[in-house]
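Presented sequentially are two complexes of subunit A, the first with subunit B as partner and the second with subunit C.
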Partner chain A sequence: MESRTRKVLILFIIPALAFYLIFWVQPVLMSFFYGLTDWNGLGTCSFIGLKNFQTLIKQGTLFSSLKNTIIYAIFVVAWGNIQALILAMILNMKLHARGFFRTIVYLPPLFSTIVAAFLWSYVYAPHYGMISEVFKLMGKTGAPDLLGTSSTALLAVAFVETWRSSGMMTIIYLAGLQNIPSDVLEASQIDGCTAWQTTRLVKIPMISNTITINVMLGLINGFKSFDYVFALTGGGPGDSSSTLMYSIYKMAFVENQFGKSEAMAACAFVFILLISICALSILKRKEIEL
Partner chain B sequence: MTTAVKLSRNGYHKKNHKVIKEIVITILVLAFFLIFLSPVIIAFSGSFRNANDTSSYLNVFRYFTLDSYSAAWGKMNYFRSLRNSVLVTFLSVIILLIISSLAGYAIARLHGKLSNFFQVFFLAGMIVSAQMSIIPMYRIVNKLHMSNTFAAPIAMYVTAAIPFSIFLYTNFIKSGVPYALEEAARIDGASMLRVFFQIVMPLTKPALVSIVITQGVPIWNDFFFSMLFLSAPEQKTLPLTMLNFIGDMENATQWNILFAACFLSAIPIILVYSFLQKYFVSGLVTGAVKG
Partner chain C sequence: MKRRKILTLLLAGLITATAFTGCSSSSGSTSGSGTNSTSGSNEKVTLSMMVTTRPSGKKDFYLDILPALVKKKYPNIDVEVEQLPTDQFKQTVRLKFSSGQGPDMFNWWPNLQAKDLVDAGYVKDLTGYSQLSKYNQDIVKSYTFNGKVYAIPNGTSFLTTWYNKDAFTKAGITKLPSNWNEFLDCCEKLKAAGYTPITCGDKQSFVIQFGLYQVAASQVYGSNMNFDTDLTTGKTKFTDSCWVNTIDKFQTLYKKGYVISHSLGLSQDQSRQAFCDGDAAMIFDGSFGYETLTKKGKVDFQRGMFCIPSNDDGKKFVYNLTPSTGLFVSANSTKQDAIKKVMDYWLTPGTDLNDQWKQLNWDVPCVEGVTDSRALINDYLKQYEDQASIYNCNNAWPEGVSDTMCTKFQECIAGKATAKDVAAAMQDKFDELNKSK
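Presenting the complex of A and B:
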C-alpha cells in the first residue's frame, strides 16, 4: 500500500482515538494514580502508596464485593444461558403464533434497567408485592422478603438481570439454531437419534460459537453489574448484595473516599482483565474440540 | 385398495395426533410466557387502576382510568424529557457511527503491526466500566467546561460504545467487503473519504444497523451518565426522570403512578421496535456473530 494511503487511513482513526484517549484511557490511568493517594475530594491529597489496598483487604470490603460479583456473574451466566437456550429451542419448534412469541420474548430487553428494577421491586415487595400476593392466594403466610434478607438479596437481584437480558440471548441462540444445516439434522434422524440425542450431540456442539458469545456477554454484564444493585437494594442488607462496581460507586459518592474507591477500581480492572482472558481462551479451546 | 385406504387413514390419524401435540405445546408455551411476563402484565393493568382501590394487584384489568398516566406524565415532564432523550441518543449514535466506522475501516485496511495494535488497544476498553473511573471522568468533563451540558453524556456514550463498535466494524470489513472495489474507485480518481462514504459505507449497512441496535438501545436506556453529568431539571432524560419515583417504591399507594411512568418511559422504544423488529433481530445477530 502506498504511504499516502496509509497516512490517510491513520487520519481516519484519529477522531475515535481522541475520544477514546480523553474520556476512557485517561480516566483509567488517573484512577490508578488516585488509588495511591488519600484524596477525599476536598483539599490536598498526599501519596500514601499501597495503604488503600491494605485497608480494603483488612476491612474485608474487597473480598466481600469480589465474592458477591463472582456469585452474581456465575448465576447470570449459568441461569441466563440455560433459560435462553431452552427458550430458543422452544421458539425454534413448530408452534402456533410462533412469530408472536418471538416478538414478545424481546420485550424485557427494551425496558431500561431502571424500569426493570421498578417492576421487580414490586414483585419482591414484602406484604403487598406479587410474590406475597401469590402466597396469600394459595392460603399461605410468611412469604419471603427476598431483597430484605441477606442470604437471598444478591441472587434476587441477579435474577432480574437474567430476566431482562434473556430475550437478547434467546435471539442470538435462535439465530445459531437456525444456522444448523437441515441435512445434518435429517441425517441424525435417519441414524435414529432421539430428540434429546439430537440436541446434545448435534445441536449444542454446532452452536458452540454462539454459546461462547452468550457466555462472554453474560460474564461482562455480570462483572459490570451496577444498575440493579443501585436501584433494588443499594448493596444491602449490610453489604450482602454489594458488587464491585456498586462498592466503587458507593465509596466515591456516598462516603467521599475517592482514593480508596479508585484503589478498588484498580483491583476490579485487573480482576476483570484476568477473568476475560481466561474465559476466552478456555471457550476457544472448547469450541475447537467440539 | 383397502390397504391404501387404511394407510391414508393411519396417516390422517398421525397428522391429527401431530396437530394436537402442537396445540398442547403452544398452550404450554403461552402459559410460560404469561408467567415470564407476569410482572409486565400486572404492572400494565395496575397502571390503569383507580387510585383508591386497595385490593390485590393480581386482580388484573378491573378498571380503566388514565389518572395515573396523567399524574406520571406531569411528574416526568414527559415531552421535555422525551425530547432530551431523543436528542442525546440521536447525536450520540450519529457521532458514534461516523467515527467508529472510519476507524474500524482504517484498522481493517491498514494491515501489519499498527493495525493489530489498534485493534487490541480499542478492544481492551470493553473491560472498563464507567463506575471504575467516575471521579477522573468528572474532573475531565469539568476541565473541558462540559459539565451540565448535553455534550458531557454524549461524549461519554460515544466513548463507551467505541470499543465494541470498532471491533464489530473491523471484523465486518475483513470478512466480507472486497478490496478490489475500493481499488477500482481509487484508480478512477476518487478520494479516500469519498470511497469510504460512497462505496464502503453502503456495503456495510448490516454492521451499521448492528451498531445502532446494540449500542443505541443501551444509550437510550442509560441513566448513569446522565445522572452524573446533568443536574438541571430541564435537562433530564426519560430514564433519569424515573429516578424521581425511587422514593415511591416504599409507598404502596403510589404503585399505580410508578407503573404508569414505567410504561410511559418504555413506549417510545416499544413503538420503534414494533416497526423495525427485523432490524433489531438482524442487528443483534450480526453484532453477536461478528463481535
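Presenting the complex of A and C:
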C-alpha cells in the first residue's frame, strides 16, 4: 500500500482510537491511580501508596471474595455447560414440537436479571416458597433455606445464573451440533459406534470450538458476578456470598471507600486477565489436539 | 485529486472533533439539569430535585403535587423530580455532585451522613432562611455544622416494634412490657400460645438495624447519652460492655427461638407480609413502614407499637426518635432565585403547596402548629412524651459501620460469631473509616 494512502487511512482510525483511549484506557489507568489514594468519592484525596492493598490483604476481604468468585465461576462454567450440552443434544434429536421446546429453553434469557432474581427469591423463600411447598406436598418438613444458609447461599445464587444463561449456551451448542456434517455421523454409525461413543468420540471433538466459546462466556459471567448476588443475598449471610465485584461495589458505594475499592478492582482486573489468558490458551490447545 | 485529499482530511478532522466534543467539560460550576440562570423573573427555569422512593398512597407529593402546583403558581418554573431507592439515591447524588451535576434541591440525612457534602462545599448554608425558626430546634441541630444550618427538616421518624394486639390479648398479655425481662416474658407467652413472636427479614441485612437500635437506645444511651461523641474521641468503644450487651440481648431473641425460623432467607417485604398475614405477632420496623404494615393481610387484626424496653428493671428507658431527611439546596446552583421561590411556596404556612405537604408528608412533623394526622403515630409518641429519646445510632457513625454491624450480626444469627465479634468488627470499621475522614 502506498505510504500516503496509509497515512490517510491512519487518520480515519484516530477518532475510534481516541474514543477507546479516553473512555477505556484512561479510566482503567485512573482506576489504578485511585487505588493508591484514600479518595472517598467526594473532594480531594491523598496519595497513600500501597496501604489499600495491605488493608485488603490484612482484613482478608480480598481472599474471601476471590475464593467465592472462583467457586461461583467454576460452578457456572461446569454446571452451566453440562446442562446446556444435555439440553442441546436433546433438542437436536428428531422430537415432536421441537420448535416449541427450543423456544421454551430460550425463555430464561428473555427475563431481565432483576426479574429473574425476584422470581427465584420466591422459589427459595423459606416457609412458603416453591421448594418449601414441594417439600410440603411430599409430606416432609424442614425444606432447606438455601439463600439463608452460609454454606449454600453462593451456589444457590450461581444456580440462578446458570438457569438464566442456559438458553443462550444451549443455542450456541445447538448451532455447533447442527454444523457437524451428517456423513461423519453416518460413518460413525457404519463403524458400529454406540450413541455414547458417537457423542464422546465424534460430536464433542467436533464442537470443541463451541465449547471454548461457552466456557469463556461462563468464565466471564462467573467472574463479573454481581447482579444476582446483589438482588438475592446482598453478599450474605455475613460475607458468605460476597464476590469480587460485589465487594468492590460495597466498598465504594456503601462505605464510600473509593480508593480501597479501586485497589480491589485493580487486583480483580489482574486476576481475571491472568485466568482468561490461561483458560483461552489451554482451550485453544485442546481444540487443536481434538 | 488534491481536492479529494483535502476533503478526506477535513472529514477525519470533523469526526475527531465530534468525538472530543462529547467528552469536553464545561468550565465553571454547572448544577442540575435544565436551562438558564434566573436573573430575569420570567425566564424559563428547570429545577432538578432528587428524593428517595418511599411507599405512597394514591398521590405522591414529590412526583404529582410539587411540580404541578409550582408550575401553576410560577409558569416559568419546572421542577423535574427524580426518585430512586435509597442505595441508588445515595450513590447518584454523590456522583452527580462529584461531576458538577448536583441536583438543585434534594433530600439527605442529618449529622455525620451529611458532613461529607457540607465539607466539600456542595450544599448551601440556609441559616438565615425565614421559616427555619418555626422548626423544632433540637431537630434543626442535626443539620447544623460549625454553627450553620444546611437543611430544612422534613420531620422525624422512629424505629419501633409493631405488634398484633389481638395476638397479645389471646396470649394473655395485658400490659406492654416495660423492661427487658418483661419483654422476654411477653415473647415466651406468645410462643406458648402458638404464635411466632417476632418476624425479621434478615436476608436484607439493613433490617437488623431496626431491632438493634431499639435495644441500643436504653442499653447504650440510657447510661451515657454522649456515647457517640465519646466514641470519636476514643473515650468509649463499641467493644465496651454496653454495646456487647446490646448485641447479646438482641441475639438472645434468636437463640431462644422467638424470631421466625430461617429469618436469613426472608426479605423485608416477605417479613412484612408475614406480620400482616398474622403469621408473626411482632415486627421490628419503623414509622416509615406505616403504609405497608397497616394493610390488611390474610387475617385482620388491630395494630399497636412500642419500643423494645431493653433496660433492666428500674433502669432508665430511652426510645428511638430520629430526625428524618432534610431538604438541602445545592450551593453551586445558578438558579437560587427560583429555588427560593419554590421553598417559600412549599414551606410557608397557608399556601396550597404547604397544605398538601402537611397532608402527604411521610414523616412526623417537627414544625410548630402542625400535628400528625395518624392516630397510631400520635398515640405512640404520647406514651413516650416524658421519656428520653435518641436518634438512629448510625447518624453518628461514618457510612459503613452500620453495614459491618448488620453483616456481622447475620453471622451471629447463623451461629458463626458472637456479640463480642460483632462489636470488635464495628470498632475496627469505625477506626478505619474515622481515620480516613
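The rule we apply is simple: the second predicted complex is superposed on the first by the 270 of 290 C-alpha atoms of A that agree within 3 Å, B and C clash if a C-alpha of one lies under 4 Å from a C-alpha of the other, contacts with A are read in each partner's own complex, and residues count from 1 in each chain.
Criterion: a contact is a pair of C-beta atoms (placed from the backbone, for glycine too) under 8 Å apart; a residue touches a chain by one contact, two chains touch by 3 or more.
All values reported here derive from a predicted model rather than from experimental measurement.
Once chain A of one complex is fitted onto chain A of the other, the partner contacts of A:15 extend to both subunit B and subunit C.
Touched residues of subunit A were counted for both subunit B and subunit C, and B has more of them. Look at A:69: by the touch rule set out above, it reaches neither subunit B nor subunit C. Looking at the shared chain after the overlay, A:23 reaches both subunit B and subunit C. Of the two partner chains placed by the overlay, only subunit C lies in contact with A:233; subunit B stays clear of it. Once the two complexes are laid over each other on the shared chain, residue contacts for A:257 go to subunit C alone; subunit B is not touched. Of the two partner chains, both subunit B and subunit C are touched by A:121.
Contacts of A:107 after superposition: subunit B is touched, whereas subunit C is not reached.
Across the two superposed structures, the residue set of subunit A contacted by subunit B and also by subunit C is 8, 12, 15, 19, 22-23, 41, 121, 125, 127, 253. Residues of subunit B touching subunit A in their complex: 22-23, 25-26, 29, 32-33, 36-40, 42-43, 56-58, 98-100, 102-103, 105-107, 109-111, 114, 118, 122, 124-129, 131-137, 139-140, 155-156, 158-160, 162-163, 166, 186, 192, 196, 217, 220-224, 238-239, 242-243, 245-246, 249, 252, 255, 258-259, 262, 265-266, 269-270, 273-274, 277, 280-281, 284-285, 288-289, 291.
By the touch criterion stated above, subunit A contacts subunit B in their complex at residues 1, 5-6, 8-10, 12-13, 15-17, 19-20, 22-28, 30-31, 34, 41, 90, 93-97, 101, 103-115, 118-123, 125, 127-128, 130, 133-134, 136-137, 163, 168, 171-172, 175, 210, 213-214, 217, 220, 223-224, 226-227, 231, 245-246, 248-249, 252-253, 258, 261-262, 265, 268-269, 272-273, 276. Residue ranges of subunit A in contact with subunit C, taken from their complex: 8, 11-12, 14-15, 18-19, 22-23, 38, 40-43, 55, 121, 124-127, 145-150, 233-239, 250, 253-257. Across the complex, subunit A is touched by residues 5, 8-9, 12, 15-16, 18-20, 23, 87, 90-91, 94-95, 97-98, 116-117, 119-120, 122, 202-205, 260-267, 270, 274, 279, 398-400, 403, 407-408, 410-411, 413-414, 416-417, 429, 432-433, 436-437 of subunit C.
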